[in-house]
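What follows is subunit A paired twice: with subunit B in the first complex and subunit C in the second.
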Partner chain A sequence: MSAIAPPAMPNRTPGRLRTAIMSIVGSLGSAAICVAITVALLATLPATNQETERPYSYGEKVHLVLKTTYDRVIRPRSPAARAGYRNWILTLQSATPILLTGLAVAAAFRANVLNIGTQGQYVLGAIAAAAIGIYIPAARWLLIPLLLAGAMAAGALFAGIAATLERWRNVPVVLSTLLLNFVALEFLRYMLQGPMRAVGEDGRPLDPQSTELAEFARLPQFFSDVPRQGLHLGFVIAVAAALVLWFILRKTTFGFRLRVVGQNPVAARFAGMNAARVSFATLALSGALAGLAGGVQIAGTTYVLYPDVGTDGLGFTGIAVALLARLSPIGVIFSAIFFGLLKTAFVALQESPLEIHSNAAQAVQGLLVIAVLIVSSPQWRRLVGHVMRRDRAAAA
Partner chain B sequence: MLELLDIRKRFGALVALDGVNVRFSPGRVHGLLGENGAGKSTLMNVAYGMLKPDGGQIRMNGTPVVLRSPREAIAKGIGMVHQHFMLAGAMSVLDNVLLGDWRATQFLNRRRAADELAALAERLGWTLDPLVPVERLSVGQQQRVEILKALWRDARLLILDEPTAVLTPPEVEQLFGAVERLRDEGRSVVFISHKLGEVKRICDDLTVLRRGRVVWEGAAEDVSPAELANHMIGRDVETVTRATFSRRGHATPIPDDTLEQARLRLDNVTAANLHDVSFQISPGEILGIAGVDGNGQQELAAVVVGLRPPTRGRVLWHGSDVTAMSLEQRRILGFAHIPNDRKREALVPTMSVTENVMLKEYRDPPMSRFGVISWPKAAAVAKHVVDQFDVRAQSLDVAVATLSGGNQQKVVLAREFAIQPRVIVAMNPVRGLDVAATNFVYEQLLARRAAGAAILLISSELDELLALCDRIGVLYAGRLTMTNFPATGREAIGRLMAGIDLPAESR
Partner chain C sequence: MTSFLAEGSLGFWSVPLAMVGQALRVSAPYLYVSLGETLTEKSGRVNLGLQGTLIMGAMAGYAVSSRSGSALAGVLAAGVVGGLLGILHAFLCARPKVNDIAVGIALMIFGVGLASFLGRPYIKPERVPAMSPDISLGFWSANETVRANLQVNLMFVVGVALVPLIAWGLKNTRWGLILRSVGENADTARAMGYSINGVRLLATMAGGVLAGLGGAFLTLAMQGGWKDGLAPGTGLMAVALVIFARWKPLNCLWAALLFGGAGAIAPALQSVGLNEVKINLGFTQLRWGRYVFEMIPYLLTLGIMIFTSSGSRQMAGIPDELTRARWL
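Up next is the complex of A and B:
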């Protein structure tokens, strides 16, 4: 609409710092809305006070949710000795895989490549990591980098199938990546029933899961010597990956091409960029990050490949994590930690007087993802912006 | 009679309409003039019920009315033909006209409806088969369908938003014929345009808007085009005429044999939508390509700059064959491109001015080294380039989308001309720009011509080509017909644009 295009510049020009602050404030606002929605939803679940045998009122439940979360998750020193630190470690541990899958989604979406197959790429990464960790005899200093590299390669190659299908036959990436998730899941089940299934000492097959990774194939961990209780190296790797992705997007010519293709593929072509090649490379990068998430999860947290890896939804959660962070790599660090916090909180709530069942908690988390999608949608932001402008105009 | 009284409308901080009063009388053609952003479209969207005014009153035959939606406006006898047609391509003319009309339920007899529609078209001097799918019609015919749609709903007031922008000169004549008939039937026609000559010819009354206010109103016969232009832009700027630009800064003639070497040549180029196109452009020359949009212009530009390889034929420059060279390789040779669609093809509107300036040279030092971009250096380059073109932006970090159309085009020019281009392909370079920005673009093109660039100017505005070009060819249905311009006059070129009077072999 040419008639309403401003004839001159609008009167405010945000500087880079101000833009950054605005975006942080915006994300915090979105997060606050999401927390409010989560708490409001959780409080609708029925619960009975064990002492008085009367159902809790809504207000009491809201209070209990907040109190439990604060006491058990956020407060560093809880009465239960070192439990506070333990919960923070759990939070960061839960944040690790979704940080990486969140980065995978952010990288792809920035180039307008709709990779929703992070779950499948994550599973392939996990399979590759487990296979390398279990079957390759190598020294620790070599094995762990090899294992992580293998996970990245597996994720990238698996995403490469979707990228190839798009270039070769114009198959939409949304469809191919979505459907390849199921392929990955069934491939995992096959591997656990067949080639990778652990066998007992008598040579009979055990439960459909792999052998446990030997100690020297596990990621080193901090703050605890007990396996799975400490913060493993994966978190550091994930944060480093976020910084690297930030550098790629902001500082490299490849990142520049990626962003241009994502914002306006036609102009990219008119500037001589090969949009198809950029999309291809982006999808491979995205798959590598999701694959790395799978590798880190196996070598850092589970130590074993089992069927639940295929259905844990950590790849899908990456979509919500990336959207909440508005596709900013640095923002993904914070939104992943936020989601990790939620997970720890849900565990604590299970043990609270509310006795919220973990399935109910997962359902709420699903609703939260939808809330994130609404809050991060351009329509919503336009609406909020419109209301704010109107208020400002009214004030002036 | 429709009266718009003291209409006010603001969008955020921007005042689009600041107390506009205008009256549309029956049996008159009322021209609405103004630069882009003057408020013409906003005003008409208010009259058509698409926008709710913040203040003011709309009166119909003296009684105040409230128009909450186009549906209500249509019910009150107001029709509008938008610049971009709102038609369903696969459906027939008849279906498009009946679409959404309550009377359609009464016309279960399609035959009768078709006959009535054909009769309506005939009344306006058009022949139109109501059962042909709309997508098979030319742009001019589609516009007629839009007009018929409005009249079918018995519009007493018909708003035409820049109706001639997409038409060939003969089609414009036919449109004017229909407009005159509508006027004689006692309807009001509102004619939105920025083409002063046309407006002066067809309109009885004129209103000039500037920055949301009425700056001049009166009878069309009392005012000259030059005066109108002054009213529109608010200061004395010459209208674009041949006299303003003709033959200014002519390049020094180069001896013929060197000239032969230095030319840009297309030899028998065939591509999608292009058939056997050949021409040459010498350094310091502007070759104009006239034609109605969609006759192969886009493809011609794509072949020359290297966006699309021809299926047959060669592109030669300085005697060497560049046909197989990529866009980037040609860029290094000095090929510049001002694409047709600024926001879609030339710029990334959501990205900053700096990023848009470096869109093509981002891989070169000093902007980047070893694949790593230096933003301070990129910003310095962008500032240097942009300053030469007087781009008005508060900072180079703002998104290009926040700039005005003229400033956006200046960013494109800054980027394309920063390489001291030897070959320039420009397609509709002033589309949608106001008079001042238009003049700026023309001056820049002429400056490049004086500096010895070979310029291919593709435009659907014949007046622009007549004013700027040394030679003019016409593209029709993918075939190029060179004219003997300036010996060949405006009318003759117009006929070629419509596919009339073509040489036998190119039909």
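Up next is the complex of A and C:
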């Protein structure tokens, strides 16, 4: 007996699995577009084969780029050795701070709070972590949580300045957080020039950077005993933070309010939500995450506070990471690792015979985000969805 | 304390003079970018990517003029590159559900990265003389320092001349009216038969051209060469100055001059021998040096913003479409 077919449901909202698949397809598609553009761009570089003394052909260049990337980034160099997965450790290490700053941006942008001051909050977190790690004598089990908590508090307080100014005087967050980035940078330079500057044994000041963190103030690391060579606890913390943020956004009242305020402030007001308070808390949360990124970077990777922390742009890269993940906390894990891969790849390419300078990585990051924006726009998704429906119909 | 005496005995007056001189020397990029951004934002869209446009303009301007030997060609090239980036921004934003802030940030990262990638062959170790002509505003003074401080570049003069032109054009011309109506209420403008995306495309392109010209000023007039990390944050600051200037071209000029001039406080104080301020707190002594002075422009901007804003009122002059996009 043929059952009555249920009426076709127009505009059925796609299920969660479907959304996830679309998101992955979209990301992979845009990644492919960008890789293609990049390879094409790179292939135009002038480079000569040292052995044959002839310029590389186009095909040879593309081959060289792909081969270098595979050998130095994807494939472990010697699986037998204990440090065989060094490439992957490096990748995850560079992914750690941008994962956290990416989460900071994702949380804020979800609530339509334009925190573009993650760089400043990251710097403040780094300063606080270094100060606690250097000057507070405490046992390791106490010092490391204290250090990370201090970094989060510093980031949250610094973002709190912007949040307060918005509530008190309606100063746009986008403006105040931007200005505070520069203030944080100068504050870092001041600290390294004055109070926190390392002093040599003869009492004379050394280079403008802090003393190195003692061993017990550093984050524990895995896979290697050599300092800075292993995967430090920060990566685990960052992934955990992503899961926590996902939980907050999905499963808690605060997260619900945050999303409603971001998506429809009018509805939020009618539902009796205090939008100003939600924005305030979101900005503090975002600042805490960015501050944590700074703390993790100091205690896990650099072990010293130095001027480059202010200009490395890791806080700012968080914006690109978050946009690439379309503001999804779980997506941020993957986009941060992808950015880490890019970094490792471009370091390898710089050392390859093509001598591609690693600053090309930044152009590729930008391209990636642009591609994701195009691919994730409804027009594209409709197109892909149409193709999928047609395939299903053909299969049936 | 001997340095300023040797400079022609201007005493402490050398500080404000240096500020004026600095304001005239460095404010042009801020001016061009903020004028461009004003045009774009008046049409109801935000282009946060002008930092990338500025840097691309700087690189392209220098590359073209050093290849062709003509400063004018470089300036034109910078404008064209800026315009193309503006078109790209507008094109991306015209897709449905694409956030202009996100596009702007992507384009900023892209532009800065691409400029440093493509510009590598043009990094010259030696200082190249400025290629754009200077005009002396200090002809009335016999004092060398005054004259040296009041040299301004032709491009700055052009930028200043653009201010009343743009202000007048926005207020009194048909094009200005269309632009403003699209920025104030897109639905009404659409009902009147104007293409929203078309108008915004033109406005963003014009903004990009201006930002590109500002970039050309950086390499051709100010720095005399291209290098990486040439002006970190200049374009972003200039975009922020548009809020500060309340979307008025004339205010953009004041904001650019103020911000440029405030940047001279730290070096000027240092040149008169004031290297640090000691503040005794009893238990400890704070020694505020150069880096605290360097914060002054940003804190000053923030302070004026706090002072002129109100907790209960919406900001004056903001294009309504920006409020509707809940950008501010």
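General observations
Everything below uses one rule, namely that the second predicted complex is superposed on the first by the 337 of 396 C-alpha atoms of A that agree within 3 Å, B and C clash if a C-alpha of one lies under 4 Å from a C-alpha of the other, contacts with A are read in each partner's own complex, and residues count from 1 in each chain.
By definition in this document, a contact is a pair of C-beta atoms (placed from the backbone, for glycine too) under 8 Å apart; a residue touches a chain by one contact, two chains touch by 3 or more.
The shown structure was predicted, so the numbers you read here are calculated from the model rather than taken from an experiment.
In the superposition on chain A, contact is made by A:374 with subunit C only, not with subunit B.
Once the two complexes are overlaid on the shared chain, A:74 sits clear of subunit B and of subunit C alike.
The partner that reaches more residues of subunit A, of the two candidates subunit B and subunit C, is C.
Of the two partner chains, subunit C is the only one touched by A:186; subunit B is not. Contacts of A:319 after superposition on the shared chain: subunit C is touched, whereas subunit B is not.
In the superposition on chain A, A:236 makes contact with neither subunit B nor subunit C.
Interface residues of subunit A facing subunit C in the complex, by the touch rule stated above, are 41, 112, 114, 116, 165, 167-172, 174-176, 178-183, 186-187, 189-190, 193-194, 265, 311, 317, 319-320, 323, 357, 359-367, 369-370, 373-374, 377-379. Within the complex formed with subunit A, the subunit B residues making contact are 11-14, 16, 36-43, 45, 211, 306-307, 326-328, 331, 337, 339, 344-351, 355, 358-360, 362-363, 368, 371-373, 375, 392-395, 397-398, 402-405, 432. Interface residues of subunit A, counted against subunit B in their complex, comprise 1-11, 13, 15-16, 251-254, 256, 259-260, 263-264, 266-272, 389, 393. Touching subunit A in their complex are the following residues of subunit C: 52, 92, 95-99, 101-103, 105-114, 116-117, 120, 228-229, 232-233, 236-237, 240, 243-244, 287-292, 294-295, 298-299, 301-302, 305-306, 309-315, 326-328.
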